[in-house]
Structure formats: structure tokens, C-alpha cells
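There are structures below to look over.
Look for subunit A in each of the two complexes below; its partner is subunit B in the first and subunit C in the second.
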Partner chain A sequence: MSLLGASWRWLRDLKAGAVGLLVGFLIVAGALIGPLLAPESPFDFVGAPFDLPSSYALLGTDLMGRDVLSRLLWGGMQILGLSAVATLAGVLIGTLLGIICGYLKGTTDDIIMRLLDVAMAFPQTVLALLFLSILGPKPWLIATLVTAIHIPQVARVMRSVALRVSEEDYIRYAEAIGLSTRRIITREILPNLTAPLMVELGLRFTYSIALIAGLGFLGLMADPSAPDWGMMINENRIGMLSNPWAVAAPVFILAILTIGTNVFTDALTGTRRAKPTLPVEETEVSATAGKIVGSGNNEAEK
Partner chain B sequence: MAQHPLLSFAARRVFLGVLTLFAVCVVVFLATQVLPGDAARAVLGRNATPELLAEIRAELRLDDPLLVQFWSWLSGILTGDPGHSLVNGTAVSDIVYPRVLNSAMLLALTSVISFPLSITLGVVAALYSGRFVDTGISTIALALAALPEFVVGIILILLLSTSVFHFFPAVSLVPPGTSVLQNPIILVLPVLTLSLVCFPYLYRMTRASVIEVLGSEYVEMARLKGVGTLRLTFVHVLLNALAPVVQVVALTLAYLAGGVVLVEFVFGYPGVGQGLLEAIMVRDVPVIQLIVLLLAAVYVLLNLLADLIAMLLNPRMTARQWQSN
Partner chain C sequence: MTEDYKEMLAPRATRLALEVRNLRVSVAGSDVDIVKSVSLGLVPGEILGLVGESGSGKTTVGLALLAYCRKGLRISGGSVRIDGQEVLSLSARELKKARGRLVSLIPQDPGTALNPILRIGTQLIECYADRRSATEDKLLELLRLVKLPDSPAFLRAYPHQLSGGQQQRVGIAMAFANRPRVIVMDEPTTGLDVTTQSHVLDTIRSLCKEHAVAAIYVSHDLAVVGALCDRIAVMYSGQIVELGSTAQVLSSPAHPYTRALIDAVPDLDRDTAVTGIPGSAPEPSHRPAGCPFSPRCTYAEHRCTGAFPPMTEIRAGQIVHCVRANEIRVDPPSARPVEHESAEERSIALAVSDLEAFHGSVQVLKGLSFTIHRGSCVALVGESGSGKTTTARCLAGLHRDQRGQVLFDGELVPPHASERSLHLRRRIQYIFQNPYASLNPRRTIGQSVAMALQQFEPTSSAEARRRVVAALDEVSLPSTSADRYPHQLSGGQRQRVAIARALIVGPELLICDEVTSALDVSVQAVVVELLTQLRRDRNLAMLFVTHNLAVARNIAQNVAVMQSGRIVEFGKVQDVLHSPTADETQRLLADTPRFAFSVP
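Right, the complex of A and B next:
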């Protein structure tokens, strides 16, 4: 029974994760090739403001009378591009800092971690708003701010994993045969961090999308004339009673996308039913799998 | 003597908190006063004429040395005189103070409604872990955790006030000079949004914590001794499981200090977040500075509080362990 239950739960998590991945992939792919599929230019006026869906505009028109569907197909480039850049940069830098701290320990570790502690004690979103309002919304600034928000949190998680990996025998062995520190970090430690790295990428991507969509919603996106999901939601709010689709469609896409990536990440951690996504627990994927195999063996022996 | 490492840790943590607050002051000051295209130019934008620029520069004391500027600004805020709005000349404190009350009302109601509910659901899910109730609530929490705050708010507006039902007003219209309490129905949607946004964190933490305690040896022992289910849950499990949850409550409040900005914007709720965004639109530097500092102070203080609570509730953790965590 417990074997059946465990494998069923494992399969279900895997299935949910696959669905999440598929949904995320479809939306990202749709946003990338969307401009090719759009029936109209996102800037052309095709009807009166806030027309309901009709044969010439499948999702109706927006506040300027532009085609909502075409703007939806164009609106993902900016947000997804910036999210991807910020996620990759943040996870990369955070992981490197984490490994350096976790492997070298000592004074280096102390100094870097104390600085990151101070950075984490800052109210990040409010300060990001402050910088954007003072310097003006620019793509590089948005990417840099979101990257900076990710770094301390990723570094913290990766440090705790690297700390454990660096105690392993093969690391001692690599040290004993005189491999360089750089080689140990890139060839011995990094490959063993793949699982938590994937989880961090998923978590941070979801968070990036939420942050950057929020900036678009506040009207702080780089190019105010370019179609953007977050901004569409805000600018079409005034016509919510005339054509709700102009708001509902981008809200629906953002909701499905973030839920999809989060479900996928959650299935990667495989700990939803046992533990929440705490930094240390996120790395125990193999441990959970081991337990399932273990209980299966016991069942077979009986 | 055994208290010693704890006390020194607490002292260091408080010191770090004060240092962070000071660093926030410096960053806010530098960001608004020194960065390219200085504040005077930022305020005037395209209307900048040399005379107007000189006037604003004098008002902001931009020609004084940096340290003098910083000191007069900081002492102004500390003595309760943060200056005057650049837009209409009213005292900044008169603009910000009523908004602080409105936002505090929002956060207080959210805490009263959402926190007990999330914790109760977390305990229920843990007690029925793996069953339908647990899977159902956990799936909802997973979805809610992914959604951006403003998306939750807009979905609620679409469902409850415009397209599907028409229960609540979509926009919080409050005539100037009146309290939000004179028209409490406008509080419903913002409070509901904030409650849904912070539900997953508290729920997951409570659930995990209770599951961990349920698996511990002393609960097994109590069970074997024949302690009844009710007594077991409330006396043996809950008291021990809620310790880490208290810390998450403080952290959730700290998170809300930032999250409230977007939610207030969604509903046009007259709180500090909306005030900050309005000030940003018209580049009202003194208002921006004061609100950012207030939100930052709340964030830093609640984080500090969360750490101190965690330390008090878990005396087994020595200061050394804390340092390496």
C-alpha cells in the first residue's frame, strides 16, 4: 500500500511538473513567435475604443481602439526577455558567491555573507521603485535591479549546499591530488549542484516575472508605447466594464505562466507534501527518491 | 554565563539593524539628491529655466557640501520636520501622516483575518497530511504563492466587482479629510487581496512545522502513553510547532510593507503606497524620501524582530550557529 501510495504521489508530482513545464514552454514560445502570428500591427487602430470581441478583433479592442489579441502576442517579449536575463545573471552570480563562501569558508565567507545579510535587510522592492523613479525606466536598470534582488537569496541557498558538498570525500581527494581551487569549484562542486540550481532557476524566474510584470503595471517599463502584459492590464482597467477581455486576457496569461513555472519548480523540489520550500529542504530531491525506493524494498521483503 | 552568547548575539543583531537603517538613509539621500540630473532638474523636468532651477536648488540646499546637506536632511526627519512638498508647498508630514493611518488599518485588518485563518488551515492540513483536504489546500497555496499581488487584485475585481458579480466597489474612493472607516466596504477587496497574498507563506510554514513535531519522539511517546487526540494536538503539538510560525508572522508583515504599494495602486486606496507612486509621478522628492524611509524602517525593524523572536524561541541555537547560518 505504501509503495503504491508513494509511487502514485511521485507520478502525480511528476505529471503536475510536466504540465507546468509544458504551460510555461507554450507561453514562452507563444511570446517569441507571437509577433509573426499577430493578425494586426500592435500599434494600428482597428476600431472604436473598448469594442467587445468581434470577427475583426477576436479579443476586442483596447483604450485606443487597437487589437487586444495582437498586442497580447507582442506583449511578452520585453517582460520575458528581461526576466530571463535577470534570472540567469542573478542565479549565476549568486551561485558563484555561494560556492566560494561554502568552499573557502573562513574570512572570505564571513565578509561576503555579512555584506549579503545587509543587502537582504534592505526593503528591495521599495528601493527598486526609488531607483527607477529617479533614474528613469531603462531596460538595463530594470535587469540590474532584479538581478541585485536575486543575488543574496541565491547565494544563501547555494552556500548551504556547497558547504555540505565540500565535506565529501571526493573533494578531499581532489584537494589531495593537488587540483587547483578554480578546477575544484568548476569541475567538482558545480556539477553536484545541478538539482538545487534548477530549483533556484525556476523560483527566480517566477519571481522575476512577477516583479517585472508589476513594474509594467505601475507604468515603469522602459518603452511606454511598446505592448506589455503588465502595462495592458493597467491601461485598460478604465474600460473593464466595456471590454473586460482587454484586462482579463493579459491577467490570464500572467497567472497561468507564473503558476506553471511554480508548479514545475515545486515538482522539482519534490517536497510539497513533506516540507515547504525551505532552502535546505529544496536540495533533498534524491533523499526523497531514496526513501521511496527504501519503503518499496521493505514492502517486497514482507 | 550560559546567557552570554545569546545576549551578545542580540546586541550584534540590533547593531546590524541600526546600521542597515543608517545605510538605507544614506542610499535614499544619495539616490534622490546626488544621482545624475540632480533633484532640481528632476523636479522641473522640461520646464527648467535657470531662475527656477536656482530657486529649487536653494530650497533643496543643493549647493551646500554633501555632508551638510545630509545632516540637515536627516536631522529634519529625526526631529519630525521632513520639509515641504515641492509640488504644493504643504508640509510633508501632513501629506504622509493620514496615509500611514490608512495603510496601518489595511495591514491590521489583514493580520487579524489572514494570520489565524492561515495558521488554522496549516494545522488542519498537517493533521490530515496526504489526504484530500491537505492536497486541496496545498495546491491552492502553491498557485497563490506564484501569482503577483496585482494579478490577485485584478482577478478579484473582475470576479467580485465588475464582470461576474457586483458586490464591492472596484476603486477605493475616499473624499479628502474623511476616514476610510466611514465607508468600510472599500476595505474588503484590498484586505482580501493582501490576505490571499500572504496566506501561502504562513500556511506552508505552519503545516511543515506541525508535521515535523508530529513525527518527533515525544509526540510518539505521548501517543503511546494514551494522551487523547485533542490534548495531544493542542498541548503537545501546537505549542511546540508555533514557535517558528511566530517568526514567519513577523517576516510576512515585513514583506507586506513592500507588497502594500502595488495592492494600494490596484484599488486606488489612499495609503502610503499609493502616496509613494503619486509622489514618483510628479517627482515630489521630500515625499518620496519620507515614504521610502518609513517603509524601509518598518521592514528593517520587523526583520530584526523576527530574528530576535527566533533566537528567544530556540535557545538551543548558539550564537556561533546563528553566525554560520
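Right, the complex of A and C next:
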């Protein structure tokens, strides 16, 4: 009862965030139930290539003469699903590594962070392309690669926050009564990182979408004939003058989704309830400039 | 009454340096008053102490004198005249000029008030309107004025290279740079230890007198105000309830609130126990009609609940807002003497011998030996940096790098908590200095207290809940507070939660690390009373770390005085305070602010 009430009060505080959340929710919901609403099969040829919008194809046709609207409604499942999986996995693992480093410090911290530094030193997209070309484009591989790209960056941000939280007296108290390290990490530190965690989730989700859409644009999605927003932009750009909707529609949806998620996470940072231990500006800095914090703050953190 | 109010509010003088009339500060966009109708007058060179608990509006009044208020508030009425000039009606541009020249502020925490990346000299130059006029000679003279080393090297130092006292002196120098007419000081010495505090107070006093600067000293500590100020204004719930000369207010207080505040101050010269004020000040939006203090007042009667009591001048210069002021003034104080208990005949709980501790390569503790008897309290006293807190942390198992022998009940205590047995960790409990950091903000009070219980004796959640409510009850917190979050409680309430959390596991030794230093004097008294009662009821051994000898006298049977990592004097509290042998003890005693008066 109190959980429901509390989360409602929390949402009510968001205002701008509510708009962002609504936009994101509409697009995700649209992508999920889209296949049910699609007037045509995304693989059927319904007209000539690059037809302008008409009564049988509301957004016109693409380069193969397939219905753009139907492909749009089908095309979100894969990209959103993969993004969600990669974001959750990346943020979860990155957060745990970050807290472990920030709380335990010392040798553990050094070993984990140096390994993550090595991983960060490679150009990520190039590395992803390398693996995709060796192992072939498979959905699980794309999700794993995007997860791996997120982990070092998330770990950096969460470590800097965990460093501060683990200096608090309530952590000293937990140590003094002999709470196990696992419980200190999961019960004492983690709940105090909710604010940066939410921001990271939102931010990483938009990064995931951008990355996976980029891979789709390069034609590296698992099934080249399957509808995908990123790939639609690429394959249809040759007919942009004949039917601009075939490119504009997926671009528009990706842009709206990214903006919506960003507005929502921005609002999260600003709400009082979401940041019990951190001043606003610190959360914002560490979230929006994850890389800068990661590389620049190294000395200051020690 | 209004015609001659000037004479009632300030000594007869040709021209007032500061004249405040019916000052009102409200929450923006509502008619909730934080400060309502405050009137004051100060002559040049006079220091007025503005005293009250947290939330009384004293800092808000102080800032309003600079025509400033916190975000979300607005100055909604009244007038502030400094040297005859109205400040509240100035334009933003004129205000910028007035602040620092006409009226200036010495903030509470000098550590955060100074810019860490600018040199002291640069920051001093910034105070001057015409920066070219700030020659090095002028800056050095300014440093001499506040008794800082007047060397060019000092001007090139950064704030972090200075001690807390020196930083505060720089703050004072910046406030005095333009010789303002009025200076507002917002608890400038709360973060300093007694010795530094007493030196800084001396400097402030002589500067105000020599340069005829009027000063408002905002503080919750009557002992400090009594030592420094010429007159005292006691604030409660946004209003001045009593105003008079320091001698008048402290030696014959006529408002029940003033009396209660005085009883809460631990004093070296009085042989009375501190008494807390029950309850807490009302929220600005829920202030009762009539006298706002009446719900907490032992003298309250039906007349008190009607309207705010009118101002009565009970003698020249002393005004008070209380319908029973004349009766209360002559009522003898209900002081209870401090009970002297002897600890010697009891068994030894904790025996420390040759305790040494290190921070990296620096040796912080250089061989401490002392014992704590069951049912008795040892106070650990010393100035900051003497190693008090490190000692407490060593015993609590929070400092790994220590040597020496610690025996608890004849059992050897390993240095770190992780090496200690569950039984031992339960029996030694630690209470932190800062109640704002020692409770997990993400847990309810009930969850925090239950966590301690579950760690040592896993019980069903219903049983845990019952025990938690009982523990909260023992520290006088209602059972409803179990479902609150720490940020919903006041500092004093949080510290009581921390005490409940330590008590619920049934400890035998309680280590209290400056547990009252973050609290108001009135709340400190409540906590001291509570700890004393718990020590007696549960036969607890206690180590109480404090920098205030007067507090030590109220809570402890034995006192250990520390200086740079060593105990320089140990003995019964009354012996040490009455006939100190160590130089350090004598120095601490001399620096502790005291009331130079007697309550009739």
C-alpha cells in the first residue's frame, strides 16, 4: 500500500519527467503491440518501390515495394528488446563492479578498474564490428557486445558514487556490528545509489538504441530481411526523394524515443526523493559526463 | 509604548548603529511567517547575542539585516536601518555596495566560506571596492588586526593550509575590511574547540569595541553568548521573547523559555545537573495561538493560550513577553544538583593498557591506559586532534592499525570488528557524532533498529517489531516514528534513534563519540539526561568523548584529559575540575566559557 502511494507521489513530482515517460511508454507499447496492428505483413510486396503515401500504404512503400507503416510497427521489437536486455545486464554488472571497487578499495579496486580501463581503451564500435564479422550477426552476440561496452563506463560512474557513500557513518556502523560484506553492498550501499542508477539506466538505454540502430544501419542485424528501424533508414535512403517517409518515420521515432528517455532521466535527477545522499549537481555531472568522470577524476578519487 | 520603544530596546544613545522595527520574514507565496515582528536597536560598539533553538528564526533575522533571505522566503515587512539608512528598500545595485561596507556577515563554517582555490591575499583584496587601493601593507595591517601572522607568506597561503581558527579569523578580517557599521555573526565558533573559540571571541570583542562596530552574534549556546555579549535577545518561534542586558537575562531571567535554556547549559561553576526542554519548537505553519512556548511551558495557564503576551518592561532595559514574568522572575530555580557517584567499588568492565594507534606512518595514540568500571562513565576530553575520536574508534573496532591490550570483562578484544566474536560485538556498541550520517537514509527508523537486533538475535518480524517499539519507547520516541525515514526527524530525535539502536542488542559498554556536539544545547541536555538514566538503569559502562569539560562534569564520574595522543590527567571528575594538575586541564578549564553570574 505504502509502496504504491509512495511511487505515485514520486511520479507526480516529476512533471516534465511524466511527459518523457509517457512518450517513451507510447513508443515501447507501440513496438510491442505494433505487429498486431500492422495492416500488412512486413514481408509482402504491396506496390511499386518508393510509392508515396496512399490509401493502401499510409506511409508509402520502401525500396522493395513493402508497406512502410507495417515495417515500422514490426521494426521496434528487435531493437528495443535487445537494447533493454543489453542495458539491464550492462548496468547491473557495471553497478556491482563499481560498488565492489568503491567499497573494498585497495588491490581489488586496482585490478578490476585497470582491466576495465583496458576494455575502454579499444574503440568500441570497431571492436563490435570485428566480433560481428568473425562470429556472424546473431542477436545474442549483439546484446552481449553492447552489454560489454556499457560495463566499464557504468562501473566508473557507480564507483565514484559508491566511494562517497561508503565513507558514511552508517556503513561504519554496519561494519562495527559485523554485517557481511555481501549484505553491506546489497542492503546498505546499493539502495543509496538508486538515483544515479536510474539515471544510468535511462542513459544507457538511449546509448543502446543508438548503437543497435547504428549496427542495423550498417546491415549487421541478424536477419537482413527482418524489419528494423536502423536498417530501414539505411536501405531506404537511396529513395529519399521519391518517398521521404520511408526514412523520416524511423528517424522520427528513434529521435522521439531518445528525447523522451532523456527528459525522463533528467527529471529523475532533479527529484528530491531520488537523491538522498548526493547533491544534484554531482549526480548530473557524473551521469552526463560518465566518460569524463571516468578518465579525469582518477587522481581525485584516490 | 511605541513612542519610547527606542529607549526600551537600546541604551540611550545619540545615534543607533542598527535599528530594526517590526521585521517580518515569510514563506514566499503564503502567509506563514518564519519571523514575525522583531524589533531591536544597537548602539555602535555593542554586541547583541541572538539566542534560540534550531528553527527559532535567529539565523533568518541575522541574514535579513543584510536584506537577504534564503530561497523560498521573502522579507515581507518592517524596516532595517543601519546608521540611519534604510536597507530593505535599496535596489539590487545599491545593496551590493551596502553589503560588506555598511553591514557584513561572518558565516558559520569558515571551511566552506573561503574559496579553496584562491590564495588568502586574493580573497582579501576582493573585499575592497577599489581593488587598487588594497596594497600589501593594507592587507598586512588587516591580518594584524585579527591577530593572524602578518607575513607576505601568509597572504600567499591557500585556505586548506590554515587551521579552523585561522580560517575563521580570515573570515573576520574579510568582514572587517571595510569597517562596516554592523556585523552579523552566524555561530562563527561552533566548529572550533574551546581554546580556539575563546581566542576568536576575544578578537571579535576587542575589534567591535575599538572600531565601534555593532555586532549581532547568532548562537544557540548561552554560555558563549554570556561570555561575549553586552545584551541578549532570546528568540522563540520567530519572535523575541526576552531582551535585556547579559547580566539581567542570565541572572534574573523572566521568561520561562530563557530559564529553561539556562538550565540546559552545562556550566562549570554551578553544581546543578542540566535539564532538557521537553518537546520541540512548533513548525512555523503550526504555531499555536497565544504564547508559542505555552505547550512546553511548566508555568503555562489559561491566560497563555489566548493571544501573544504583550511586551512588559520589568525593569529598565529588560523587556519580556510573558504574562507571568513578574512572578517567574522571583521564583527560585528548580535546580537539581549533579549526583556524585563513586565508581571504585564496582567491577572493572574495560581495561585498556598501552593502546597505540597509527594513521599511516603517523602515531596518533602514544600509549593510553585507563579503566572503565561497570555502571560508570569515563569522559574523554581534549582539544581537536588530541586523539579522542581515534581512541573511541579503536575500542569500537573501526580502526585496524592499533597496538596494545584491551581487556573487556577479562576477555582480550581484537583490534578490528571483523576479528571479534559476535558476543563481543554485541556487548560493545558505538554511537556516532553526527546523527545525520549514522542512519541509512534509505531505511525507516524501524528497519534500522531491527537490523541491529536481527544481526545478533534473529527473531520473527513480529517479535522484532515489538522489541523495536519497546526500544524506541525507552528513548522517549513514539512507536509511530518506527515508520519514519531519518530525514523526517530532527537531529535530537535521530540521535535518540542511534541510542535505541545501540541499546536494543543489550550492550554492556557504550562508546559515545561527541554525540551531543551536533545538537542544540537544549537537546544536548535531553540526551545527557537520557544517557545518565540508561547508565543507571542498565548498569552500563560508558565512554563519553567530548571537547566540553562542562558536559563531562554532567555525565561522567571519571575524566581523562588527552593531549597529543596521551592521557595527561585521569581522575574523579570533581577532583580534576576543582584541582587540576596538568597544564592542559588548566588551560581547557580557563578557556571553557562560563556564566559570570549566579542564578538567584
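As a convention for this text, the second predicted complex is superposed on the first by the 255 of 302 C-alpha atoms of A that agree within 3 Å, B and C clash if a C-alpha of one lies under 4 Å from a C-alpha of the other, contacts with A are read in each partner's own complex, and residues count from 1 in each chain.
We adopt the following convention: contacts are C-beta pairs under 8 Å (C-beta built on N, C-alpha and C of every residue); 3 or more make two chains touch, one makes a residue touch a chain.
Computed from a predicted model, the values in this text were never measured in an experiment.
Q: Taking the superposition on A as described, I'd like to know which of subunit B and subunit C A:L127 touches: first, second, both or neither.
A: After superposing on A, A:L127 lies in contact with subunit B but is clear of subunit C.
Q: Based on the superposed arrangement, let me know which partner A:G178 touches: subunit B (first), subunit C (second), both, or neither?
A: Touch partner of A:G178: subunit C, not subunit B.
Q: Quick one: is A:Y170 in contact with subunit B, with subunit C, with both, or with neither? Answer first, second, both or neither.
A: After superposition on chain A, A:Y170 lies in contact with subunit C alone.
Q: If we overlay the two complexes on their shared chain A, which of subunit B and subunit C does A:P224 touch? Say first, second, both or neither.
A: Neither partner.
Q: Is the number of subunit A residues in contact higher for subunit B or for subunit C?
A: Comparing touch counts on subunit A for subunit B and subunit C gives B.
Q: Could you look at A:N192 and tell me whether it touches subunit B, subunit C, both or neither (first, second, both, neither)?
A: So A:N192 only meets subunit C here.
Q: Thinking of the overlay built on chain A, is A:M240 touched by subunit B (first), by subunit C (second), by both, or by neither?
A: A:M240 sits against subunit B, while subunit C stays out of touch.
Q: In the overlaid three-chain picture, which partner chain does A:T206 touch, first (subunit B) or second (subunit C), both, or neither?
A: first
Q: Need the overlap of the two footprints on subunit A, from subunit B and from subunit C, as residue ranges.
A: Correct list for subunit A: 276-277.
Q: Provide the residue numbers of subunit A that touch subunit B in the complex, in ascending order.
A: 5, 9, 117-118, 121-127, 129-131, 133-135, 206, 209-211, 213-214, 217-218, 230, 233, 237, 240-241, 244, 247-248, 251, 254-255, 258-259, 261-263, 266, 272-278
Q: Which of the residues in subunit C end up touching subunit A in this complex?
A: So the residues of subunit C in touch with subunit A come to 396-398, 417-418, 420, 422, 425-426, 430, 432-434, 437-443, 448, 451-452, 455-456, 487, 501, 505.
Q: Please give the residue numbers of subunit A that touch subunit C in the complex, ascending.
A: 168-170, 172-173, 175-179, 187-188, 191-192, 194, 276-277
Q: Which residues of subunit B touch subunit A in the complex?
A: 16-17, 19-20, 23-24, 27-28, 31-32, 35-36, 42, 129-130, 134-135, 138, 142-143, 145-151, 154-155, 157-158, 162-163, 170, 204-205, 207-208, 211-212, 254, 257-259, 261-262, 265, 276-277, 280, 283, 288, 292, 295-296, 299-300, 303
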